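Next up, some structures in C-alpha cells.
Two complexes follow with subunit A in common, the first pairing it with subunit B and the second with subunit C.
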Partner chain A sequence: MFLSYLRRRLAFAGIALFGAILVAFLVAHLVPADPLAVVLSDTATKDPSIRAAYMKRWGLDRPLPEQFFFYLANVLHGDLGESFTTRRPVIRDLAQFLPVTIELSFAAFTVSVIFGIPLGVWAALRHNRSADHAARLISLVGAASPIFWTGLIALYIFYYILRWAPGPGQLDPHLARPPAVTGFLLVDSLIAGRVDAFLSALGHIILPALVLGWFILGLTARTTRSALLEVLGADYLRTARAKGLGERRVIGLHALRNALIPVLTVAGLAFASLLSGAVLTETVFAWPGIGRYAVTAATRLDYPAILGVTLLTAVIYIAVNFVVDLLYGVLDPRIRV
Partner chain B sequence: MSQSRLSLPRRAQLFVVAVLILPTLVAASLWNTPVQGQVRAETLIIVRNIDDYVTNDPNRQYEYSSQMLDQSSYDTLVTVEAPDFTKIQPKLAERWEISSDGLTYTFHLRRGVKFSSGNPLTAHDVRFSFLRLKNLQDNPSFFMDPVKDIQVVDDTTVKVTLSAPDASFLAALAAPPTGVLDSKTVIAHGGTDAGNAKDADKATPWLNEQSAGGGPYRLTSFRKNEQAVLERNAGYWGQAPYFAKIVFLHVKDGTTQREMVERGDADIAQDFDPDIVAKITSGTRLKVVEGLSMNQVYMAVNTNPQASKELADKRVRQAISYAIDYDGIIKGLVRNAGVRPPAMLPLGILGVEAGMARQRDVARAKQLLAEAGYPNGFPVKLNYWTSPLLGVPPEPLAAKLQADLGAVGIKVTLEPKERSVMITEYRQGKPQLMLASWSPDYLDPHPWADAFYKKGGPAARRVSYDNPKAIDLVAAGDRELDSMKRAAIYKELTQVVLDDVPFIMLIQPKSFVGINPSINGYAIHPIWFVTLSKLSR
Partner chain C sequence: MAGEARPLAISGPLDLTRPARWGRVRRSTALWVGAVIVGAWALIAAVGPLLAPYSPLDLDVMNRLEPPSMRHLFGTDESGRDNFSRVVYGARITIPVAFGVIVVASIFGVGVGAVSGYAGGRVDEVLMRVVDVVLAFPSIVLAMAITAALGPGLPHAMLAIVLVGWAEYGRLMRGQTLAVKANDYVLAARALGAPAWRVLLRHVLPNAFPPAVVKATLDMGGAIILIAALSFIGLGAVPPAPEWGAMIAAGQSKFEYWWVATFPGLAILSVVLGFNFLGDGLQDLLNPRLRND
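So, the complex of A and B:
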C-alpha cells in the first residue's frame, strides 16, 4: 500500500522535475539577450575568436534542442554543468551555498515556530481581547513588512545603535572558518571543536533569523489562531473537559494536536519558500547563500546556474511536501494512504 | 464564547515571555568582543561588494575586485601610481630599452626575486605569463595583441618584439592581467602557455582560491559572495607591507558599510557614493578619501542611418550636444562630485583638457536643428538599463536628458530594459540614443581612442562611427613615442570627434571611500582602487 503510494509520488516528482527544467530552460533562452553579453568584457568583444571560444566551451554553438537534451543527459549523470560566472561546476557552487541558506532558513523556521505557535495559541485563548489584537498586530506587521526594510532597520537599531548584535556576515572576520564538513557553519564549528567560531556564528545568525522568521511567524501565528478557534468549540473538547481533564491537557493534548494540521501545511510550504526566498535577507546581512547566487545567475543569464538552482528548488519543494504529507499521517491517523 | 474566560496557565505565560526575551539576551551576550591588540592592529578589514567576481586567475579576470586582489599578489614589470598616472615606474623590471624603431622592448629584471612559493622569478616566468595571457583567449588577452614575439635572453633579460610601434605598450604592462605568474606552480596545477591553452589549461580553478605570484601579498582563501583573504608574502623583495593580513568582506550595501567602519568593525568601506558621503555627520570615526575615477558615464548617439535617419545627420548630433545642461547634470545628479572631459578620453591621462568641453547653447542647438531640416524637432528613443552606471542612477539622468532635449523640440521616449538585454542590443548597434558607462583598461589614451574613435572599435562599431580622419589620428597616436607630440595628436582627435559627436561625455565621477582615521596611505587608483601594500595604521 505504502510502496505503491511512494512509487506514484516518485513518478509525479520525476514529471514535475522535468517540467521545471524545461520551463526554466525555455524562459532563460526566451530572454532576448546574449548570455555572453555580461561575461564578455567590452574590450574583448573586438576579437571574435574569444567569443567563439566561449560559445564552444559552454556548448552554446549547438542547436537549442540539442543543448537541452545534452543538459538532461548530463543531469542524469549528476553533472549540472559549469557556471559562466564562477567558472566552477554548478554542483560545487550549490554544495557551498545551499547549506548556508538551509542553516539560516532552519534558524528562521525555528524562530517562527517557537514564537508563532505560542503567539497563535495565546491569541486564540484571548480571543478578541487586547492580547489577541497585539498578537494579530505583530503577525500582520511581520507579514506585511518588506524584508529588506526590516533587515536594514534591525541592523541599524540592534547593530549600529544598540550594539546588541554583531554586524553582517556569518562569522567574525578575525576568526578562521572551521574546515567544511557538512557546510553548516554551526555544525562544522562544533565538529572542529571551535567554541569561539560556534558562538560567533550563533550570534551572527540570530538577527537575520529573526528578520526572516518574522514573516512566517505571522503566518504560523494566524493559522494557529484560526485553527485553534475552530477546534475550541468542538464536541470532543467538551467531552474531554467533562471527563475532568485539566484545561492545560485539553488544550495541549486535544485541541492543539488537531489545530496543528493546517499549521503544518502552511509552515511546511513556508519552509520551502524560505529556502528559495531568503534572497533579500541574504543581501542585507551579506549572507553567502543560495538566494544571492540565484539572483546573480538570473541577472547575468548564467544558464547552467539558473537551471541548477531551479532543479534544486524543485527537489526541495517536492521533498518538503512529501515530508508534510507523511507528518499528516502522524498527527491524524485518518489521513493514512 | 465560553473559552474566552480561559487563560493560559501561569507557567505557559512565563514561557511565552521567556521565549520572546531570550533571543535578545542571547544576541546581546554571545557575539564575541572584537579582537584587540596586535592581531587587530595588523589586520586590515575592507568591506566591499565583491559579487562581481568571476575568477582570480590574472590571465582570465577582468572584474574590479579581482584587479585589486591580483595587483597585490602578482607583480608586474612596471607600475603607475598616484598622483601622476602618466609616469611609468619600474617594478619587476629595473630598467628597459626601447629600440629606435619602437618595435623591441628589452626588460632587465630585478635579481634575486622569489615567488611566494620560494621559486626564483626568471625571464622564463615572464614569457610563460605573457604567452598564457595571449593563448587563453579570454577577456584580458587583448593586452598581448601588439606582441609578435617574446624571447628569453638570459634569466634576467626578456625581449618583447611588437608587430607595430605602440606608444601605450609600457602603460599596459602595469595592468594586473600582465602580472608575472610562477610558471612552475601554475604548470603543476594544470596550466600551460601553449597555443592550445584555451582548451588545455586547467589551472584556473586552483588560481581562483590562491595566488601563484610574487607580490607583497598572497591570496590564501577566496569564497564567492563572502570573503577574500590576503596574507603578507614573507619573502617579498620590496618593502614589507604593514598589514599581516587583509580580509575583504562582502557587504553590498554602502550604508551598512559605513556603519561597520564607524563602529570599528571594518577599516575601509569601498562602495561610497555622493549620497552616502553627504549623510556622514562630523564627529564620527570615519574619514572620507576622494579621488578622481577614470570611469565614464556617457550617451552614445547612433550615426547609422538605419537606426535613425535624423541622428545620421551630423548637425542633429551636434544640436543634441548643445542642448544638454551638463553642469546641471553634475550638480543635480552626483552632488557636484564629478568632472567632464570634452570627449571619451578621461581627465588625468595624456592630452586631455577640460577647457575644450562643449557648453550648453540652446540657441545654437535650435539653429542646427533648423539647418538639418528639423525646426520642430523629431522623435527619438533613449535606451538605458536600470541598474546604476558605475554608481550613477540612470533613471534621473535619462529624465534630465529628456527634459533638456525636449527644450529644443526633440521628443525623447525613455526605454529602460534589463541590463543583459540592453547590453546585447547595444553591442548589436540597435539603440538610437543609449546611456552607458566605460571603465579604464589601462592608463594611456590608446584604449579609449581605439575603443571609441577607431572604425570597428568595440564601442565605435555600436554607433557605426566611421571617420577616416579619426582613424588616422588614432593610428598616429599609437605610433608617436614623443609624449608632447602625442598629446597634440589627441587634442586634434578631440576636435574631430566634437564635430562628429558619436558619443557625448556626461560625467567622470569622483570615487569615495570611507576609512578609519587610523589608516594611512590611502590613495585612490583608477584601475585597482588602491595599492594595498602602501596602506598602514
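So, the complex of A and C:
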C-alpha cells in the first residue's frame, strides 16, 4: 500500500516538474524581442554562425509546441543557456551559488528552531497570558516586516552603530577564500585548515541568519504552540505526572516529543520559503548566493540566468514537498489511502 | 502534489479553566486594532495632498540628506525631497496598487476554484494541476522572472503578482465549493432544473466565498511587501516615484543617513501589521471554528 502511495506522489511530483518547465518556457516567450535573446548574449546574437547553431540547438525554426520539446530536452540535459553577465553556462553558475544559499538557509533554519521552539513552548505553557501575547506579537511583527528592510536596520544597528557584527559579505575582505570543495564556506575553510577564515565566515553569517530566521520564526513558534496545546491534555501526560515525574521531564520528554512531529514537517516546508526569503536577504547582505544572482540577473535582464534560478527554486520546492508528503505518509498511515 | 495531504488538524485549546469568550474578546481587539490602522492609512492615502507639507517630487539641493527636524519631520533624501511627504504620497501608490492586484487575483482564483470544484472530474484534475505548478514557484522568484521578461515597471509588476497570486484562491475555493455543493439546497436547485451557471452563481458562490474575503485581507499585507520588494530590486516603481520599496532602496548603504530608509520601512510594517490584524479578526468573526489557537 505504501508503494502505491509512493508511486502516486512520485507521479504528482513529475507532473509538477513538467509544468514548472512549461511555465519557464512560457515566461521565456513573454520576452517580446528576439527569442535568441533568451539564451544568448548581446554580441553573440549578432554573429550569424552562432545564431544558426543556437536556432538548431533550441529548435527555434520549428513551431512553438515543437520548440517546447527542444527546450524540455535541453533542460533535462542540464542545458539552461548561457548567462550574459558571467558568460558561463547557467548550470555552472547555479552549481557554484546554490551551496552559498543553502548554507545561509540552513543557518537561518537553525536560528528559527533554536528560538522558535522554546518561544512556542513558553507561549503554550502560559496559554492566553501575557507571555502568549508577547510571543504572538513577536511572530506577527516578524511576518509583517519586509525582510530587505529588516536586514538594513539590523546592519545599521549591529554593524554601523554597535560594531558587533561584521559588514556585508561572506568573509572579511582581506582574507583569501579557501579552495572550494563542497561550496559551503564554513566547511571548506575547515577542510583547508583555515581557522581564521572559518571564524570570519561564522561571524558574517550570524546577522543575515538572524534576519532570515526571524522571517520564519513566527511559523515555527505558532506551530509548536498549537501542537503542544493539543497534547497537553493527553492522558499519557497525566500518567507521567501521576507516576511522579517532574514537570520539566513531562513537558520535555513526553509532551514535546509528540508535539514536534507536525513542527518538523511545517519547518520542512518553511525551508522552501526560506529560499525565497533568501533572495532579498542576500541582496541586502551582499551574499553571493542564487538569490543575489537572480536579482542581478533580473535587473540586467539576463534571461537565461533568471529562468535558471526560477526553475531551480521550483525543483527544490517540488522535491521538498515530495519528501514532506512521504514523511506524512510514514508518520501517519491514514494518509496513505 | 502539495495540498491533499496536509492534515495539520489544529484543534481548540484544552484549557477549560478560562471561559471561551476571552479568546473572542482578544480576537475582536485584533479586529479593531487592525481596522483602526488600516482606516488611518486609507485616510492618509485619501487626503495625502492636504497632509504633506511639500511636493513628493520637488528637489531642494541645498537641503540634501537633512536629518529629521521640525521643518522636515522625516528628514530629506539625497535630492533634498521631503521624506515625510514622500511617505504620505507612497500610501497613494502602494495601497491602491495592492488592492487592485488582490481584487483581480482573487476574482480570477475564485472563479477557477469554483468551476473546478463544481465541475469535478477531468476539468477539476487539470485545473488543480495548473494550480499546483504555479504554487511550486516561490512567489518572489516567479514574479521577478515575469516582470523581468515583460520589462520593468509598476504595471508589469502588478500583472506578475496577479499571475503568481491567483492560484491559492483557486485551491481554497475548490475546497469550499466541494463542501457547499454537498448541501441539500444545491441538490434541490439542480433538481428544479436550474442551469449549472445559475446554481454556481446563486447558490454555491454566495455560501462558499467568505473565506476568500479573509484570505484577501490577509494577502493585502503580502501584496504590499511583494510590490515593495520588486521596487526595491528595481523592477517595480521607477525611482523618482515615492514608492516605499524604491525609497528603501535609495537609502540602502547610506548608514549615516538612516532616516531615508527607516521611515518608509516603518510605513510598510505598520500597514501590513494592520491588514494582518484585520484579517485575523475577520477570520474569527466569519468562522469561529477556524480560530487558530
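Here, the second predicted complex is superposed on the first by the 260 of 337 C-alpha atoms of A that agree within 3 Å, B and C clash if a C-alpha of one lies under 4 Å from a C-alpha of the other, contacts with A are read in each partner's own complex, and residues count from 1 in each chain.
Assume a residue touches a chain if its C-beta (ideal position, glycine included) is under 8 Å from a C-beta of that chain, and two chains touch if they have at least 3 such contacts.
Source: prediction; values computed, not measured.
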Subunit B versus subunit C as contact partner of A:I216, first or second or both or neither: neither
Partner chain in contact with A:L155 - subunit B first, subunit C second, else both or neither: both
Partner chain(s) touched by A:I15 [first = subunit B, second = subunit C, both, neither]: second
Which of subunit B and subunit C A:H127 touches, first, second, both or neither: both
First (subunit B), second (subunit C), both or neither touched by A:V284: both
Which superposed partner A:A314 touches (first subunit B, second subunit C, both, neither): second
Which superposed partner A:L232 touches (first subunit B, second subunit C, both, neither): both
First, second, both or neither for A:L301, with subunit B first and subunit C second: both
Footprint overlap on subunit A, comparing subunit B with subunit C: 31-32, 127-128, 152, 155-156, 159-160, 232-233, 283-284, 299, 301
In the complex, subunit A residues that touch subunit C: 9, 12-13, 15-16, 19-20, 22-24, 27-28, 30-32, 127-128, 133, 140-141, 143-146, 148-150, 152-153, 155-156, 159-160, 222-223, 225-227, 229-230, 232-233, 262, 265-266, 272-273, 275-276, 279-280, 283-284, 294-295, 297-299, 301, 303, 306-307, 309-310, 313-314, 317-318, 321-322, 325, 328-329, 332, 334-335
Subunit C - residues contacting subunit A, complex: 1-2, 5, 7-8, 10-11, 13-15, 18, 22-23, 26, 129-130, 132-134, 136-142, 144-152, 221, 225, 228-229, 232-235, 245, 248, 251-252, 255-256, 258, 261-262, 264-265, 268-269, 272-273, 276-277, 292-293
Residue ranges of subunit B touching subunit A (in the complex, touch as defined): 1, 3-4, 6-9, 12, 15-16, 19-20, 23-24, 26-28, 30-32, 34-35, 39-40, 43, 45, 51, 53-55, 60, 62, 137-142, 145, 198, 204-205, 208, 223-227, 247, 249-253, 255-256, 259-260, 262-263, 265-266, 418-421, 423-424, 427, 438, 441, 447, 451, 456-459
Interfacial residue positions of subunit A with respect to subunit B in the complex: 31-35, 37-47, 49-50, 53, 85-88, 93, 96-97, 111, 114-115, 118-119, 121-122, 125-129, 152, 155-156, 158-160, 163-170, 172-175, 177, 196, 199-200, 202-204, 206-207, 210, 232-233, 247-248, 251, 283-284, 286, 288, 292-293, 296, 299-301
